[in-house]
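Below: a set of structures, written as structure tokens.
In the two complexes that follow, chain A is the common piece, with chain B as its partner first and chain C second.
Showing the complex of A and B:
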């Protein structure tokens, strides 16, 4: 069941602790809070011990605190792991994450466009999110390589956990938008091209992977001269890299599953707003499902993208069928903070533990980073949030956000 | 339309050196202060101009040459090397990019150079004596810059093959042709450099990139935002070249990287209402040991820019060098322009005082020993 996205970890990311050693050297204990460790039962009046940017121990009131430890009293507060947004809604410079020169641009890297000082990182940190997955835009059939970053760090190298984590494929009408059909006359614009229909979208995906399959059977004198886009698609076919297929409506979700089965690649279904219509197929295909801002769609009256009808029951149906899902902010411009999206899931029948897991442990597992982030346990990165109340209480705010053992955001 | 030069006139022009009095007689230029180069300032100072070049400086001037020369004296004045622009379009930017394709590194601005250009001939009025005519930033790789100089009736082409100009800045992305995005622009350069590194393909375009890889041609990259600058530095690391960054508005956020990669920076001009971050950047770069030059297509603001940079933390010598020596070195023409050492072109500007003091008037400007602007205060011929 644990289909993990391939991770290209950077050694630099591991060096974070060393670079800021002075601030992180001392042992710090947070005492008195209710700890929701993620993937495990709650601990009342708990103790969280951190040093060197990592968690040293998590336990009840009796957990021994070494001498010389800086003790922070957080009685009455709630601590959760730093939240993980597996499809971060990142508006800044979105034009730069959609290369319209071609519909199929598998090798383009989203990481080349990110500014770590962008204000959205700051806002996201303040909302308790410590790790995000940023993908190429949705205007291409095959958009490019997504990256995973922490939302805080002294420079971008320190923030990057994965530079080529996923390949985005988009179903539905978005890639067709702006393209025009050729009806005689001179054709000068690059937008006179396929696809202009859903059929055309599928044709582009099929052609790309067909070409990649053909290329795999050829022997080249110099593999370095292979088209870089084909190289990425070949990694997908060899299951070294997972696809994230954005598919909102029932029809698009079915198409996404069919294409993955046809070429034998691993896909995650993203923005699956009509997953409630295709529960059986999703369960049978054993895919992970990302649900983008499921509640905001209804609460703000925005409605689903691409004609899809989001329902409050989507998540409960996925849960009942044991389809692993992750809650994200997605591409929805009306998305609330990630924790609020999970709160609405609770209101609509999801168990609070499961709701929290779907923004912590589960996305960590999906991104192939379960050994480092997503839960509070000895040895993991010291990424956590001190909430003023239970995180699913609508009045709760992130009083402190810690990332790599440092406070990166504090509410006043 | 520019007048085409008829054959007869061309023949006359070829005789021009015989007609110029400058060649007939050396010039002995004297002033209260002469800035030869950043670390060599003579006061009082003098130098001898022969055949359009600086022949001797200060006490190296031989007595017999001194006695035969025509003396041009600027009492109380400060003479500095003529300003050098390491990057400018001279109002010709529409003609400096081949829009049909985004990757044209082998095009040469020398071919587009207009020796009668209005902006070119106005340069001496702003103390500018040499300029690198750069290709526009509207292509990802737009071509090769040329060194041009203003002249009396027409300018001249001083060097036809300087750096290759690349661009990751916003104008290089165009929604009507690929690349439309920064992601695409970075990829285009990365894949072309990769092709250049391999041996499977050959083309004029790749030849230029191979010169960059071999270190025999400089590479200037227009990049403004952090993401653009970071991508430019990534490319420079990946393909092992020392980049010249043009624009570089957010360079202040990447100082350690710029230092480590031996980057050099060409900044645009400043105005008093610029953001503090911009005003402080030249000084920050100087303190980090990163060479800085000022350039603009509006040369009237160059002195103001240097003065504002000094007001916000840049040292005076570095600010003056940013208009003279540094840009000359950035375009590998340091032995020819940007200083007044023996052997350099006799390109200089005469100011009533310190050129960074905006109350000091520009009195005269010489290019190749020929006065293109202003008047001589005192001229006498020693017997």
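Showing the complex of A and C:
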């Protein structure tokens, strides 16, 4: 995470808020709700005090409310931190996020494809998600640089919390899908692409990092040092940038861990549907695991991508082995709202507090933003959701969604 | 063409029951959601030979000494769900030929399909299986219990009516309407011709041209029989109406036939017309979706079920074949989330479908005299954390979660390790 970049983003965020500064300047108190602060026990009949887009205080009924405060009565409701989707299912524009020009495109930035007016932002906000991590598509071996941004705003620059947060690498058959080995066709054909196998995919990763290693040993004015893609990979090798490896099946997860160990970079395992087979290895490697769309797992088969067999027990096993996991909507187009995905995790035996942490505190920590978002505490961004019932009650609706101290979505 | 379908049709419409394994079964329940009446805390459901003989507070029920007792005193007991319209568990629900009213779903039901297994796992006790919507006149359906090794074992009602569909099949919407009218007119013409010939026969017989002892032996063409019955209102039609645009034609057809409307998702623009039917309807499994305004490009969430509820139209819910919509609790919770009354949501999978199917005398609620079809739940039926603990069909325990091998596999039952971690580990 680029710390300086975050600061710049914060300033921009405040500047954009200027138009509605009056609303943000006022001290606002939400009173009477059950507060689930994230990473801490619930507070019944709590008080949440916000001003200037930040949280001033969180506490019980006795929390002092200054004079002149706008008090909103939310008795009977539940407040959680604004949710964070660490692998945002982005419905539209997926073509925009899979560059066909090359298989290895580490320097491409997903941020450049994002349109704040896209309805997906509106829907995501309405579902209580205030921050998302968007990554390059999964059709390239090394896809590009992921970004973190708030879901509310008109200007991407003002929404962004991290423009180059992660580098996406994809294992398995997806990057080779549609590629064709030459068989009579023209070499100039767009279908004449590599890789065409799992072996080829892994080799593309190896080759890229070998090149980066070599480039690191070159002198600064060597043209190889100037290659933008290699520069990104060098940052990965220097552990300045983390890789997110999408690896669904057991085989792919093992490969992802092997590659990270081989080149000594930090990786997060994404869409780890068969993590239940490799719990010990994941624990030993001390990696974070992203699990997408638990709702898609079915008793009678289905839900598994790339030949993976999801299990209901995956998250409980990860929890028992102390492997830090985050619940996301992920690459499954049929994924439900993030809160519902966490609800399915609760259905499958995860403690509700842990499930909530997996979509708030934990992703904030993973994205290096734990000091700003992910929990309700004094000094943090005033991003929170007022739910009509417990968030894991399937009948619950996000009645109000607040982002940077402003209401960005409201329902009945 | 299809000898077996004709055979199954001969079973008749009488209710087929399974022999109850236990003469007397008593279920002690922490809470009984009767659906038809008030909720009973700490109650007992008593069943004799597969039928409910008593539903009351435990203090008011004397459990016979020879009864088999199921102790669910820490659980919730309620009727099993009834599905008014499904193609689940069917192999080849859509015949390629468009005009095939003479086929029967009986020949397509796969008793070994995991879908039926999933039914019990989700508390579904009665399903109406009928040919799919990709048809014109698509054959007859049957009401099944998702339990048994053969179609005969599973049969509750062997012939439930004929499928009709307004879903455009490779042509336009109007073409489909025209084809359906034509198919019906063809049968009407055949009938008129049949009657004309029969009348001529009688007249010739009267005139002496035909010997007096000769009788008219010709019967109605078997391939046309289902539509003839439909025209005579001897059998019901199940009309699939894909969207609002077809509702007017559906209303016209409903004047002519005894029809049950099975709606696709996009019916929200025809709610007042649907209300004119004054009948309960079956709705699509996609309960909420977004619609974009052509002018403003603003997006709106649509829940047709809520609009039907507001217009006073009772509806039966459908289940999806995959995704969360396959869970009854999710479908009902989606209704409640969209502002529908909780009671209406529960009735949409119990009493309303039972009424639509004409089996409310025996199904849909825990009422004395009805069949002993009930599910034992670990909690509230609309909660995400609730699981179906066991299912009893006609007084017989047919599903127990503790003995569900597939569920155990998915949960990889193993001795649990220490409690959940307090803090996430080091990764970055």
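Rule of thumb we're sticking to: the second predicted complex is superposed on the first by the 377 of 412 C-alpha atoms of A that agree within 3 Å, B and C clash if a C-alpha of one lies under 4 Å from a C-alpha of the other, contacts with A are read in each partner's own complex, and residues count from 1 in each chain.
Everything below uses one rule, namely that contacts are C-beta pairs under 8 Å (C-beta built on N, C-alpha and C of every residue); 3 or more make two chains touch, one makes a residue touch a chain.
Computed from a predicted model, the values in this text were never measured in an experiment.
Chemist: Compare chain B and chain C by how many residues of chain A each one touches, and report the one with more.
Modeler: Touching more residues of chain A than the other partner does is C.
Chemist: Output check: A:317 vs chain B and chain C. Expected answer is one of first, second, both, neither. What do you get?
Modeler: The answer is second: A:317 touches chain C but not chain B.
Chemist: With both complexes overlaid on chain A, does A:351 touch chain B (first), chain C (second), both or neither?
Modeler: After superposition on chain A, A:351 lies in contact with chain C alone.
Chemist: Contacts for A:288 in the overlay, against chain B (first) and chain C (second): which applies, first, second, both or neither?
Modeler: second
Chemist: May I ask you to decide whether A:105 touches chain B, chain C, both, or neither, giving the answer as first, second, both or neither?
Modeler: The answer is first: A:105 touches chain B but not chain C.
Chemist: Where on chain A do the contacts from chain B and from chain C line up?
Modeler: none
Chemist: Considering the complex alone, what residue numbers of chain C touch chain A?
Modeler: For this pair, the touching residues of chain C are 114-115, 117-118, 121, 290, 292, 299, 322-324, 326, 329-330, 333-334, 336-337, 339, 382-385, 406-407, 409-412, 416-418, 420-421, 424-428.
Chemist: Can you list the residues on chain B that touch chain A in the complex?
Modeler: Counting only chain B, the residues touching chain A are 173, 175-184, 186-187, 191, 194-195, 198, 200-201, 225-227, 230-231, 234, 253.
Chemist: Over in the complex, which chain A residues touch chain B? Could you list them?
Modeler: 93, 95-102, 105, 107-110, 112-117, 136, 144, 156, 189-190, 222, 224-225, 228
Chemist: Per the contact definition, I'd like the list of chain A residues that touch chain C in the complex.
Modeler: 119, 122-123, 242, 266, 268, 276, 286-288, 295-303, 311-313, 317, 319-324, 334, 336, 340, 343-344, 346-351, 354, 362, 365-366, 368, 392-397, 412
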